[in-house]
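Labels A, B, C and D are assigned to the chains in the order they are written; within every chain, residues are numbered from 1.
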Amino acid sequence: MKKRGIGVGLSFYGTGYGNGFPDISRAIVRLLPGGRIGIYCGVTEVGQGAKTAMIQIGAETLGVTEKDIDLIHEDTSLMPDSGTAAATRQTYNTGNAIKVACQNMREKLFEKAKVELGLNSTAGLALEKGEVVLSFFPQKRISFKRLSEIYKDETIEAEGEFVAQTTTMDPDTGQGAPYWPYTFNACAVEVEVDMNTGIVNLLRAVFAQDAGRAVNPHLLEGQMDGGFAMALGYTLFEDLKLENGVIKNNRFSKYLIPTAMDMIDVENIIIEDPENTAPYGAKGIGEPVMIPIAPAILNAIYNAIGIRITELPVTPEKLMKAIREAEVNN
Amino acid sequence: MDIKKVYNSKSVEEVIDLLGEYGKKAKVIAGGTDIVIALNKNVIEPEILIDISKIEELKGIREEDEYITIGSTTTFAEVVESQIFENNLYGLHKACKMVGSPQIRNKGTIGGNIANGSPAADSVPPLMALDSIVTLKSIDGIREISLEDYYLNPIKEKELLINIRFKRPKDNQILTFAKLGLRKALAISRLTLSSYIEFEDKTIDSIRVASGALAKFPMREKEVEDYLLGKSLEEKTIEGAIEVLRNSMDERLKGRSTLPYKRVAISTILREILEEALAIEEGVKAW
Amino acid sequence: MKLNIVGKNIIRVDAQAKVTGKALYPQDIYLDNMVYGKTVRSTKPHAYIKIDISEAEKVDGVLKVFTYKDIPNKNAHGVVLKDHEAFASKKVIRIGEPIAFIVAETQKICEEAYKKIKIDYEEIPAVFDPVEAMKEDAPKVHGDSNIIYHFKLRHGDIEEGKRKSKYIVENIYKSPMVEHAFLQPEAGLGYLEEDGTVVVVIATQYPHYDREEVAINLGLPEEKVKIINTNVGGAFGGREDISAQIHLALAAMVLKRPVKVIFSREESFLAHSKRHPMIMKYKTGADENGYLQYMEAEIIGDSGAHCSWAMNVLRKAGVHATGPYVIPHVKVDAYAVYTNNPYTGAMRGFGATQVPIAHEQQMDALAEKLGMNPIEFRMKNIFRRGSMTATGQILTDSVPLDRCLEAVDERFKFSQLWKEVK
Amino acid sequence: MVNINFTVNGKPYEISIDENMRLIDVLRDELGLIGTKEGCGEGECGACTIIMDGETVNSCLVMGFQADGSNIVTIEGLEKDGQLHPVQRAYMEAGAVQCGFCIPGMVLSTKALLDKNPSPSDEEIREGISGNLCRCTGYNKMLIATKKAIEYMKGE
């Protein structure tokens, strides 16, 4: 016999190091030969898409395309420290640092353009497709490429730094502002529980994630799918089995993570509500995307069979044991 | 790994000569899906490795007279793609289709599945339910043994597994298979069952049931067979068969931590193989 | 705001290199004159050790076997507390702790030498259960207490909260130890540049942190250490702590040859941190109108043998223990505890992935008592703009949780389905 | 040492290899084809997937000498005249790539699937890549990519 149920899960997530710890990201922007823009920044691409998102933020601020930017982020001797690729902090923290650096760079470029265009002021100057343009008399314009040729013996660069705002919590009461910003989400799932084998099947999922603003919706959806899959493993399979400190399942044939056949289509919804302190309103989502899934599944299992599973993962054995115990108690 | 010499063998004779000469120093490799892991982790340390995957006479599925013969290096994928294993032989198709992943099915072989002696070998229960005969060859000659007895007297160091054969079933003789894995792909079986049933209408005229992962090796479930023989396949019979199998498991797996779960879950797959057999008998396509 | 690039689905800038197989991860890099390393790791959870490397060093092709004696400066690292030794010196505290690093001409010679390393373990009592570990008479992993950290949250008045609660639900929840299972096992290279700069090529989450640890352990100024971060084959928190960075830098510095190490999948399981398993005791109360009144939680997290991010993880668990709900009276105690288990640290969600197992089931249990649809009940209590969290923080800006929940309800037809089932 | 003759990405090789090498070691260490990745060494993750005589195999489970006489395609062999294979292009465009470590194997499994079955169902696509583990993407963008690739291949 199979029983179906639905469940919902919510979460909030404070991003950044938090608790008043200095959370600093830095970036340097430099005009490169040929008018290309170099962004030097210790942002790590772990697969989450930081490299692309950072370039998008830089390109937006400097009025160029992603193809005009070189992000140098591999070598500690060439780039400033931007903190760890963790704590869901790169989009917000390092994104802010890059935005600030690019804004400073814009001022530098305006100064050079003022000289080269013979203007009295930088007022009215704008950046447009790799050129500095006097917005109300667009015939006055000079390209980054031209500037890089004129100033080939001089480094045109600007720095940017962003320090996140949190406070240390009181050690006795925990009162304080430990994180900023917070990201929110909600997920609903439908499950089917096989009462004879204890196998839980996911049938349907709808997942809404607040992103402040989505820098790149495809990347964001990819994170949501990936977080969902990781959470599916967390809820149903994954358990590092220890015996006197020994990991009993230390390989992929013993420690099972979801395959493509275990995963289901997820209806992802991106909720945008730009955050004022964030670069173009964008908040981080890397960690939160896995959080509300497990509770949604657990609540759906309860809805299906009337038994609350309080311990993860919900293996078939555990579920059958719970079902048997419930039968005995009734 | 400390292999001194390797052979890409082209004939059975060459292999059995090599095995005769080197004995336990030599190992045979075909699909490699188990043995390369063992080699790489130094679980086995042969000096000689003999590849048999390119030997023509060990390959493929043949229908001869009343027998179907599967060469030992036939891959799971080849079984899945073969039209022979549709209709009433669907159980073997289904078992092979549920092995590992596409990559594993493309390389892993029926012979390897038998020779490795894993209790969870997916293709073995259906072959056992078919009352298959295993042919092994060595410099001392040919040995034929039923798959059921094979595990008591498995492959010896000088032997090469040549093929496995079984009598082609009649239309009213139906092979089915069911598996409970840990996830939907790449899943090692935690329970498998296969049945071969000869029907006379709904009545079971003859039957063989084989299980995997319920003992040290795949085995025939004779108590279930005895119970089902001569009965009409209906709900009451299925319930009864489940009880019989559970009692038999209680004996066999007494004290095992896996027993409480397996004895419950077995009902689903025993029901599946029996109901599927009936459905095929009644002309419902299961594939 | 009109945006041109932000908000667009531009193709990942690293995608082409990845779909063509050209993207380099550390294991893909081969240098001239390169030698290989292999880490020798503890096989006992808690023991005094004596190491004899003499036979291993005699194996033809072995350049050197490094141990704690070879660390030039500080044999200690760690993201918060410096409680990892680069090589265990006197005592091992978990299985998998590095004891030595063999460097040889080939991987095969490394394996040969590995068999000849003699480690004499004098086992001492170990502790594997965090609740046991909190007791005074438990074996101590470091120092004189296993309790690394106790986070306290006190908001409002719990007794008043209880008085106002018509419905109270109570349960104990447990979450398991989890492996990151990123697809690329750890690997790295170390080499020297002409000016003596030590270079470590690695896939890491935080290259500047790695640089700092390498510099401290080797006694070098930071500008003499360079970390090259390659493509990273997934991380999820598992590449925050040091893996092979110090060993590679040390070997390259001493031997003046490029050294490469690749962990097998089994070694990867041993080498990096895990997700903290947590025991979460919860009591949550709501009044007759369905408003949350109080929540009390005790959370115990097993940090294993090293602190790593334990404090931050249990702090995060504590801060997020309420879930995204306004609760006027809250008391949380979260503990991080040492044991002789594999060490735990950062993993996606960082403490906030564990507590929802508890708070979200508490919410549904309360909704059931109130006879309410779980979404209706949540809508009464969720954070909105201007809400105050249990730490007293005011959520002044972007708080679209109501929109998230409404969107899910609408698309899923949750409330409608709920009504139909009832 | 043992001599083997085989074709890799259309190019014939005659090389002498150590008997103890697995095919993945031959491809990476001897031929420098580092797009083939090792994620588990036991045929579970599929990162080392290659196409051998038309079928996907885990190159960590094949001994090097067994490749004698075979025809192998690795990820490096998919581009034709500087053009990406439709599956590669579709993976990029659909956002199916994250950390990238599983991608060479995943792309080859997808290609092999479409070579055999040009219009697979969702279930068949999931089944086709079920021997390739990915921890980042949750696989769903790979389904989208595969459908995109089908369209591109129809247009060719």
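By our rule, contacts are C-beta pairs under 8 Å (C-beta built on N, C-alpha and C of every residue); 3 or more make two chains touch, one makes a residue touch a chain.
Given the structure is predicted, the values throughout are model-derived calculations rather than measurements.
Of the two interfaces, A-C and B-D, the higher number of touching C-beta pairs belongs to A-C. Located most centrally within the structure is C, per distance between chain CA means and the overall CA mean.
Chain C has its Cα centroid 43 Å from the Cα centroid of chain B. The geometric centre of chain A is 18 Å away from that of chain C, both derived from CA atoms.
One finds 29 Å separating the Cα centroids of chain B and chain D. Centres computed as Cα averages put chain A at a distance of 48 Å from chain B. Chain C has residues 9, 12, 14, 181, 231-236, 265 in contact with two or more other chains. Shown for chain A are the residues in touch with two or more other chains, namely 46-47, 49, 218-219, 227, 230, 251-253, 257, 259-261. Contact of a single residue of chain D with at least two other chains is seen at positions 20, 39-42, 44-45, 95, 98-100, 127, 130-136.
Contacts from chain B toward chain A in the complex involve residues 101, 180, 182-188, 260-261, 264-265, 267-268.
Contact residues on chain D toward chain C in their complex (touch as defined above): 20, 28-29, 32-42, 45, 47, 74-76, 78-79, 84, 88-89, 91-93, 95, 97-104, 107, 133-136. Taken together, the chain A residues at the contact with chain D in this complex read 46-49, 218-219, 221-222, 224-230, 251-253, 257, 259-261, 263, 265-266. Here chain C touches chain A in the complex through residues 1, 3-10, 12-14, 45-46, 94-95, 126, 128, 151-155, 171-179, 181, 197, 204-209, 211, 223, 225-237, 239-240, 265-266, 269-270, 274, 312, 315-316, 318-320, 323-324, 332, 340-342, 346, 348-350, 352-353, 356-357, 359-361, 363-365, 374-375, 378, 382-383, 390-393, 395, 397-401, 403-405, 407-409, 411-412, 414, 417-418, 421, going by the rule given at the top. Considering their complex, residues 194, 196-199, 237, 253, 256, 258-262, 316-317, 320-321, 324 of chain A touch chain B.
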